[in-house]
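Same chain, two partners: chain A is paired with chain B first, then with chain C.
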Partner chain A sequence: MADTHTAGRTATGPQRPPLRRPDARSLVRPAVIAVLLLFVLFALPQLLSLYYIGAMTQVAVYAIVALGLGVLVGRVGLVSLGQVAVLAIGAWVAARLLFATSLPYPVVLLGAGVITMVLGTLIGLPALRLRGLYLALITLMLAGGITVALATTNFPNGGSGFLGYNGSSVHIPPIRRPSIAASDPAYFRYSVLVAALMFLLVLAHIRTRPGRAWAAIRQSELTALAAGINTTLYKLWAFALASFITGVAGGVLAGAIHYLYSIDFPTQDSITLLAVVLMGGAYSLWGAVVAALLYQLLPALLNNWGVSSDWLTILFGIGVLQVLTTAPAGLADQVPKDLGRLGRLLRRRVLPGRVLPGRVPRKRLRGPSQSGGGAG
Partner chain B sequence: MPSWAYFQPFVVSGLALGGVYALSGVGLVVLYRATGVVYLAFGAVGAMGALIAWSLIKDTGVPGWVGWLVCVLFAGAVTLAYGMVFGPALAKRDPLIKAVATLGLTLVLFGVMDLLWTSGGGQSRAIALPTDNGGFVVGQLQVNWTQVIGLGAGIAITVVTGAFLRYTKLGTAMRAMANDRDITATLGVPVRRVEAAAWLGCGVLGGVAGLLLADLVALDATTLTFLVISSLAAALIARLRSIALTFVAAIAIGLIHDLLTPIQALSNYRDMTPFVLAAVALLVLSRRSVISLSREEA
Partner chain C sequence: MSGSRAIEVDGLTVRFGGVTSLDGMSLTFEDGTCGLIGPNGAGKTTFFNVLSGFVRPAGGTVRAFGEDLLSIVHFRRARWGVRRTFQTEQAIEELSVFDNVALVYEHAKLSGASRRQDVLGAISFAGLEVDPYATVRTLGAGERRLVEVARAVVGRPKLVLLDEPAAGLPDEETEHLGEVIRRIPEQTGALTILVDHDMSLVSACCETTAVLDFGKLIASGPTAEVLRDDRVIRAYLGTAEFQ
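And now, the complex of A and B:
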């Protein structure tokens, strides 16, 4: 696999710019993110009611799930229609571990992630022979199958045996939370931290060799193969990574809602999830956050206002059509662009004739979104 | 293992279900061959058509056949409109994108259905076709006419579609477009009109399937919308190519699904049938992986 490195380099261009010193501008982004994270961790739980803290915990969970799907769709160009089923597997494994053992919560999360990763990879290995449309449809089929199986086996509720389900138990014990995060606000912070770690994990992948290999595969699998990239390995790697973080998300979800039922993971949710990920923007990590806000916070808001969440389903449907026809990079790309356009317009109106120094319009080189995208 | 007598009624219902799956599967394959679109909203248009028919018949008291006609027309019209608006916009895109876009339509229709025909409140709906009551007896088996129609429609649609594609001018044009849309256009075939015909035909089949499944299975938005996955399984086993193979696969799915019902250990898992069969078939069929540069996937 020594030649992969060269291949990744070719994909980013033959001449790479020399390593840059961290200047002020490259420090702004991490600083903004750090401030945002601190705000979310410390200020948000003070400001929100318990109802919205619950909703925001779900946002943290689904941001991880959306991130996993974003890696598959946006980075590698593999569309999976079964991510909610993977989430259900993660939640099942975590619940089973939590009832069966007294392992510390982070270990359980790791275990859920690893077991889900193994299962996801085992399923993914044969499926990876398929591409594009057929892969998407087979993941839909597998998700349908998993959903049916889970509806029959049920989620563990403290019973005995391998399945850990006791159909006649009257007092179902809640799934435990970590002792340091027993209350809702504390568990919210815990979920956000786990989500942040998952984002860092994905970022570490994208910035390094796998990320470059994925970019090459997304552009053209044939060219990537010709460049010496082990496409099967890296596609499987993407599947493993997405399954791992989705499994961890399942573990966080198990503690967040205390009781798991198979009806919480219907097949259509995988479809809605793909819709919001496409709307949020599959090519940007922010897109995953936007997707999770759309998917979990909006229903909570509407529910509070007494509006049926069916409107959201309709909105998501229209959103998918709009994204696919006009804005392939989603809201995370569209909104800043539109805001920038608005800003320029205002500046021209307010300060006519004045050219701002150092803001010469440059054609920005952009990877995924311009090329029509891996999903395009 | 229960004795054979227990299985007999399920042979009948399985064949009927398989027939409807075949009808849907053939519709999906023809549309895919002509336009490159896997129409995942197939179940949703049928479901909404069936719900409209139910409301019409119940609230305004129109005769049943008007309701059924409205159902079929609605499904056809929505599908045609979608095809006319989004077909050209996405014509040059990957088949995957075209399929995902139809999921957008699915979500819109699903949301509207959930909004207008709320599933809460335990209100049960049913479409009873008059053919439910009549029937005949084979051996000791009661067979009703709806079941006969289910299987019969499956067979008829498969045969008629096969003949249509083979012998008519429009059918030849559709087959040509399945091979290469651009060359077909160069030869002077009005591709947009041929595509429109394929969309309309597929939508009408969606309406018929929705009506029959509403009777045979249940009139419920979620169930009907996602039953498309089962019909899609049949089409996938045929690799979205052969309508004859689609028919065989659909009958097999319907039969195996219903025959598992009396087997206690597997009964709860019977809904997995289409998924498992499709997944296994896809994996076996694609064991030799080929990378090609053509637009068509896999």
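And now, the complex of A and C:
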């Protein structure tokens, strides 16, 4: 996977300044993200029908799930095929807490996150010994086990006892939402805010000590050990973080769809999830958003157009092949690159000989592989 | 803790199934830079892996600066002061040069009073003339090797293990690397062990050299004498000595 990156190697000479701290360019990104977030929070609910608002709420939920899987696969190099089962655990815990208590919603989400974190980290224990295919298989088996257990216990529906399931109840009460976000558009905003917080949490990990430790572990566990990294601790930490945010996502999902059934969490969905995470881009945070759009918005669109969503299975299959052969960093990396290339090509074709001021060369400072390339 | 500043290896034996990689190796590495040479498969990297804690020996002891090194858990050895580079260069691609070095600093639990200064100091000690915030992925092979060297000298290393640091480098870069390696003991006070097949690099850097062949120590002493030793020449040329 690394080969494509090293291809862009450059002769970094001593002519560069010895120290370059983040400059104005690094302020553009947060600004763009803020504008985008405001648009999603305030404009999007006005533009969309209730059908698509529901779909976009699911996108927010699955963006968190995809983010968790992205941490495991993209950052630490651990392939888990059990994330949808972890999501189901989070949803179960949240539903149970919501029926049993009148705790505020954020507390319930936190509780679901913490309990899922403990259980999810247990699922991650085999990762201390296994990697790659074998770890993937073990997590898939565990996910299968969880699915079977949930099919037996069912999701809480307002009954009594530890399981909170009443099989004979006719009028099943819906799982409640926070009072400030009872309507669908309001709940959509709520979901997006929770998702944004989870992204910030992951970002805070990646930019600091654990992120550096994970990068070392992903490249080589022996190198990490030689650098003094407690690889056991940091691998479990990755599983704990992924499980925590996935548990929170489960809590958001519970409120979003009001009624939970074990049939909503089939084991094979974890495999599809891995496929879309790879397609979206496991190495970038944007990749998780792209993955969630592929996973939840695309089926909603096809549904609306009357196209069978079975086509998606084929599309995702092709997509994974494409990722494995040509674009290891996924769409989140490939699309901006390709758009940039297309833009330069168009400019050269449409405005031959005209020099565009400032912006173009600045942008290309960091991408030496593209400069001089593409003769036309 | 005695005042001993040596690595005393006694009867070190490592077996992988039926293969004996190290066969009762006994040797004391004194202060400074020591060379460790031998044909491929002689057990040099295995010896480093024992010191790093990746391989558990079947027998023998290693006393480092008076302490029982083998009783320390592998990831804690960096904190104790073991640093190493790998035969295949292992600078971490997706991190910046600074973060590559800071990684060791923070995980070896060194006091963080002057983290930034220490990290930048290690980078400049290695003679890396690149932007410390550049990603390692954008560097050339020689520069990546120097990132590894910077990682090996940051903090207060006691024992620096260099496993074929010059493999695959052009002569000019090997020469620069040699100069850096020569300065490690005086700059950091660490005992340095250099494994390499480039005899000119070993001669230039090491006062003493030990030779391994089939897991056995066949010679050790001042580098120039060792390199003239008949047994060493035969081991390298592959002539069987024992009948």
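What we mean here is this: the second predicted complex is superposed on the first by the 325 of 376 C-alpha atoms of A that agree within 3 Å, B and C clash if a C-alpha of one lies under 4 Å from a C-alpha of the other, contacts with A are read in each partner's own complex, and residues count from 1 in each chain.
One rule holds in what follows: a contact is a pair of C-beta atoms (placed from the backbone, for glycine too) under 8 Å apart; a residue touches a chain by one contact, two chains touch by 3 or more.
This is a predicted model, so every value here is computed, not measured.
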Which of chain B and chain C A:Leu273 touches, first, second, both or neither: neither
Partner chain(s) touched by A:Leu312 [first = chain B, second = chain C, both, neither]: first
First, second, both or neither for A:Leu222, with chain B first and chain C second: both
First (chain B), second (chain C), both or neither touched by A:Thr325: first
Partner chain in contact with A:Arg209 - chain B first, chain C second, else both or neither: second
Which superposed partner A:Ala88 touches (first chain B, second chain C, both, neither): neither
Residue contacts on chain A - larger count, chain B or chain C: B
Partner chain in contact with A:Val194 - chain B first, chain C second, else both or neither: neither
Footprint overlap on chain A, where chain B in one structure and chain C in the other make contact: 222, 225
In the complex, chain B residues that touch chain A: 38, 86, 89-90, 93-97, 99-101, 103-112, 114-115, 222, 225-226, 229, 232-233, 236, 268-269, 271-272, 274-276, 278-279, 282-283, 286-287, 289, 291, 293, 297-298
Residues of chain A that touch chain B when the two form their complex: 79, 126-127, 129-138, 140-142, 144-145, 148-149, 151-152, 221-222, 225, 266-268, 271-272, 274-275, 278, 308, 310-321, 324-325, 372, 375-376
Footprint of chain C on chain A - complex, ascending: 2, 5-6, 8-14, 16-21, 209, 212-213, 215-216, 219-220, 222-223, 225-231, 283, 368
Complex contact set, residues of chain C against chain A: 52-54, 74-79, 82-84, 86, 90, 92-95, 99, 102-104, 106-109, 129-134, 137-140, 143, 151
